[in-house]
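Below: a set of structures, written as structure tokens.
Here chain A shows up in two complexes: once beside chain B, once beside chain C.
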Partner chain A sequence: MSKPAARGPSNANSKDGEICPVCKSSRYLNKHMKFLINPECYHKMCESCVDRIFSHGPAPCPIAGCKRTLRKVKFREQRFEDLKVEREVDIRRRVAAVFDKTEDDFETLRDYNDYLETVEEITWNLILKIDVEATEKKLRQYEAAQKAERNIQAQTYQPDPSLPSDTAQVVLKKSAAQRRAQGNPTGNTPDPASGAGNGQQTEPGLRFKGLKKYVPPPPEAPFDPFDGWAIEPQYYVTQNDYDVEWLTRAINDPLHIGGGYDMRDFYSWALCDAFSGFGVFVEDGKDVEMADVF
Partner chain B sequence: MASTQVALSPRPNPPGPGASKPLPLKSKTLNVDNAKPAASVAASRASTPGLETELDAGAQMNEQVRNRYVIDKKIGQGTYADVFSAHVRSDPSKLVAIKRIRLQQEWENGITMDSIREIRFLSELKHPNVILLHDVFSTKDQKISLVLEHLPLGDLEEVWLKKDKKDPMIAYTQADIKSWILMLSRAVWFCHSHRILHRDIKSNNCLIAANGCLKLADFGLARPFAEPGRKMTHQVITRYYRPPELLYMAQHYGPKVDVWSVGMILAELTLRQFMCPGNTEMEQLNMYCEIFGTPTEETWPGVSKLQCYVAPDKPAAQRGHPKSWWESNFGLIGEDGRNLLRGMLTMDPKKRLSSEEVVKHPWFSSSPRPTKMEDLPTKGKADLKRFGDDLKRHAGELDSGRGDKVARKLFG
Partner chain C sequence: MKLTEDDIYRRSTQYLHWSFTAAQLAAQRLKTNIQAAERVKAAVARQRAARALKTETPNASGSENASQNGANTPLPPPDREVDCLTMAEEKRLVDNFCEKALELGDFLKLPIEVTATGVQFMRRFYLLNSPMTYEPNQISRTAIFIASKAEGHHLPVAHYAASLPKTKPEDILAPEYLITQALRFHYEVRHPFRGLKGGHLEMMAMAAGKATLPPNIPQDRDPRALQQAMLELPRRPGGPASAMSEKELEKRITEAYGFASHILKNAALLTDAYFLYTPSHIWLSAHLLADEPLTLLYLSTKCPPSNPMHAKLLTTLRSCAALLSSHHSFHPASQTEEEKAARDKKDQVELKALMKKLRLCRDPDKTNLVKLNQAQKRDAVENGELEENKRKKRKIAREQYEKEADDFFGPSLSKKENENAS
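Right after this comes the complex of A and B.
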């Protein structure tokens, strides 16, 4: 993409590209001028032009010869001085977001390198504008397949059956990609047959050799109030009341009752003490290493 | 010999030639038979004039334990204890906090009650939500040092209380409150099932570990359940969290006193302010009576026999705040949450939920699920954002400002 060429050598400011190619206003007139670009065509223009032209919805790019339709939300400040670099970084970011496998996802290093090569080829095709249509299609297909695969896995997990869960709505909202991928048990690639159902998609999607099957994160364990801790007496059952003479005074004492003293606490304590040591054999414990606190 | 100064230094782990001496101490801290390192210590002492050449077995063990830790810096100072941040000698990435109890005027001949209680109960209780006591040792000048878990992210009070305007407001949701209260309730349940009353539960004593886990600390007022007929003091639990039966000076009480305190913390987290900040005990009791209604013999059997009970003069005083008051003030935690809160804040301790009932309460299992502890909002995360890379480099460490607060809260 070439930079707009609306500059005259006579203008002192032109060296810095400080003139908006659309409204020709310069930094000399407006100190706070900000240039924005749109990743659609990477034509530079000033903020006020963007506001003026695109505030009422999508409009064609005002630069002569560029007919692309731009939207205001997509405008941003450029990060790199060279717009070519800017564009390449954008493309790489987009491709990397779709092709996010790591070496661990592959059986062998060779497979991973093949995968990287394919990805790099797609990236360069997009950067050099070779076969853009086909490449874009491949990218979209792969993205949809990946998304569908992960969505299916996410959907099979239901957090709590007792809850009025949102699954009903989830089913309603099931995307086309998901429906396509559901007929496809292997999941890694979109099924060529389902692609054919769409009419135009006759070409099979991307396949990578040696790619391990996607394993979803394990579902969350059901809620356990005690987090796995349990303290249950093993050798006895505590009753609510015991008829013992020397306790009657405390049981009937209003001060104990009013203060919230619970005799059952005492019963379970006394029983625990009485039975403590049951099932513990000194011989067994001898070899047990003292657990390190760390 | 270089270790002469080491032996005379009042500091427990003086850096220097003595400290760098490799000691083959790995795990068996309490194993007296592990004679090798002890012998080397004894040998280093042998040439020191004015000191006993022979250390008895207890002193050797103490020496071993003390040598496992290296003190980094002082992070807090109080009237009761000094706190140091330290690390394990064999693995510097493992941080601990060392709380060195100061000698008290009244307790010249022995260890203070507080530290005895703390050592006694903490060495017994091992639970993820109770602060872990790694070791205990004594220093040269006969001061007791407790080696405790390193909990760098402050306490639960810092979460909701905004002390000054500069403090960032920490935003949290019902799920976060649920998670904190659940962790605290588990700790309380664990103490109670081991027949220990904590008796000082407050949000200051709920410390937060680096991974967001809440840990109940400060067992300085804890005691085992009393036998029937044995009197306990009613002068326990910080006033804002003190249950009504203690304010009525009951001397026979049970684990329900801790449940009230947990309820108060739940109320605080929801309201983002103290629920009943009474300046005196009388005022505190008045606040309770205003909210819950003055108890009578019908609503709380046995209350009229308690030492400080005053019967309500007007029947209107028996009525507490209406349901709508609870709904408008505790909207955040929902119907189930209010149910639990009112269960924990019931005037009659017999009707109050037990700690086990609290943990099993449906509020915790209902939607939304309690936040995972790693995802809980903390002050530390906010700080991380603010200081960015600087703090990232020192992850897990205390900066002095925050550390001071931790120490004061922890051990003050």
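Right after this comes the complex of A and C.
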């Protein structure tokens, strides 16, 4: 027959991306077909297959010879045409999230370069699937160690006892959460993957020469709009209420109340005015007093 | 950092720039008086010289011309030294004009804070200027207008001018900048009115036996004992102890408040109290005049006699009270109506003489403030028209500038549109 007609189906067959390896439906029949991958094994399948197989929970990969358990949430669209690149980018991202030191964290540039070398080795081991078990273990150990270090540092912060109880409570809650988070890897862990790390929590794992000690950021002080300044009267104490006839009208005036006017503002204002300058003697001259004011 | 009430006052402009010892105040007034007198004499001499020149050149009869020139401004008869006001006379006049300003505020039904601030502005102004230089009547109207703005009391200038006899808005606005400058842009005046209210609140709380006493002042009294002490207060200093009911005590405190308030609204404003004492001392002094035993008891809860400041405080309050009671608006119970009337009449006569004297020694350069104010602005208008060649010159300069700008940036868009439209 004519060449173009023969080429059509063969073309579709040669590009395996156009036919779902699971249900064999092709883009030729369904224009809107979308292919998804799972970073667990990078096997490609169509969206409707993913919906059908994984909607009810984790299931093994339907591709022959692959027994990995996949979850629906992890499925996503392919970003790179070459799946090898896709995988490498994923691995690099994962490694970079754990090994997040910068040059400033090291004593010397040499130490930093050594660190980068180690990280690159780990990355390539994972990419090339060399010694995966041991490398993965290293990665996890280091991650756990980092987490523990930061949490312990955060925990050593003792809240100022003079702080209002609100803040203190928040700090307590926080440290409780930290304790729980720390307890997880050592105690009974729900994640079987980290089983290898069990009991080895105290083991140092990876160590880098010349790495500076982690210093947690200083805790944020509660916001003070007056920057530490306050008025502390020495001659009077403002009461919450004063029972004087000429005030009753103002106190009960809906215009005052509705506007949110607080009579205590007036009381403290009036009393402050009453004694502002009580201990100031103009006839003494100002120069001596100015010295201790400014 | 902790601030006390006293620190707050020490940071106010009233304390930093407008508080003086009696000696400093007198020295400042003397300086102002001497400078103003010299200016007046110089200005009058200059005017006389100009007039003499005029009378000589047209070769007319000297006496006729002189009277014509002097018709619009009252001038002292020639060839006599100008008789300037003395420092004391100046102060007397300013006090009198302040009193008139107070009456004006009453007449216009302005809140007392506005009038009081205006009066203090006037007093501050005349510390640096003399009534010989600037007419107190003109200044007082504007001072009150500025005060209405400083105190947040909306008073439109047109409305204000209309409520005054023979006054145009320009008359109000002309000396405005002059006064602001003399005030050194310090608009805040700290009055003792609110302080008096605060003290009154506390005394009422004490009378009810519910007062909270400051913790840092050693006190062996509890609120109940304090109330008892108040109930037994003698009616007058040194008198026998009384036994009042709580109602009577409250009435006594309220009466003292009314009396003190009257002093603060009159004598305190019309004397140098604001320059010499702090608002706290002023209201306490007024209260001392109103009810001495009560005030002394109240003071002992703030500053007990064991405190080293106590003696000094009392001396200060007594001298302030003496100043307040020396004012003629204060009438002690000992003074009879006839005595007061006689004193007022004497004051009136003296003031009339002073006013006459002032009219003869005014600085002729500063009579028309509206004109002076206009002259300070750009394009001072002389007889309603700019000088012809000046206007021409300015027009050419403007066109030249516009042309240069157009050459560089291109003609402005709106201008182009306008040209097209026309």
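Just so we're on the same page, the second predicted complex is superposed on the first by the 160 of 294 C-alpha atoms of A that agree within 3 Å, B and C clash if a C-alpha of one lies under 4 Å from a C-alpha of the other, contacts with A are read in each partner's own complex, and residues count from 1 in each chain.
Please note the rule applied: contacts are C-beta pairs under 8 Å (C-beta built on N, C-alpha and C of every residue); 3 or more make two chains touch, one makes a residue touch a chain.
Just so it is clear, the model here is predicted, and its values are computed rather than measured.
**Q** According to the stated criteria, A:V237 is in contact with first (chain B), second (chain C), both, or neither; which is it?
**A** A:V237 contacts chain C only, not chain B.
**Q** Should A:A274 be classified as contacting the first partner (chain B), the second (chain C), both, or neither?
**A** Touch partner of A:A274: chain C, not chain B.
**Q** I'd like to know which partner A:E283 touches here: chain B for first, chain C for second, both or neither.
**A** A:E283 sits against chain C, while chain B stays out of touch.
**Q** Please indicate which partner A:D104 is in contact with in the superposed arrangement: first for chain B, second for chain C, both, or neither.
**A** After superposition on chain A, A:D104 lies in contact with neither partner.
**Q** According to the stated criteria, A:W229 is in contact with first (chain B), second (chain C), both, or neither; which is it?
**A** A:W229 contacts both chain B and chain C.
**Q** After the superposition on A, what does A:D265 contact: first (chain B), second (chain C), both or neither?
**A** first
**Q** Taking the superposition on A as described, I'd like to know which of chain B and chain C A:H256 touches: first, second, both or neither.
**A** It touches chain B, and chain C stays clear.
**Q** State whether A:E81 touches chain B only (first), chain C only (second), both chains, or neither.
**A** Neither: A:E81 stays clear of chain B and chain C.
**Q** After overlaying the two complexes on chain A, where does the chain B footprint on chain A coincide with the chain C footprint?
**A** Residues 229, 231, 247, 269, 272, 289-290, 293, which sit in both footprints.
**Q** Name, in rising order, each residue of chain B that touches chain A in their complex.
**A** So the residues of chain B touching chain A come out as 27-31, 88, 91, 94, 127-128, 132, 134-135, 182, 186, 189-190, 193-195, 225-229, 245, 248, 250-257, 300-306, 348-350, 352, 359-360, 364-367, 369-370.
**Q** Residues of chain C touching chain A in their complex?
**A** 1-11, 15-16, 19-22, 190, 192, 194-202, 204-205, 208, 210-217, 275-281, 283-284, 302-303, 309, 312-313, 316
**Q** Flag every residue of chain A that touches chain B in the complex, lowest number first.
**A** Answer in residue numbers: 159-160, 163, 220, 223, 225-227, 229, 231, 247, 249-251, 253-263, 265-266, 269, 272, 289-290, 292-294.
**Q** Under the stated contact criterion, what part of chain A meets chain C in this complex?
**A** 228-237, 239, 242-244, 247, 267, 269-283, 285-286, 289-290, 293
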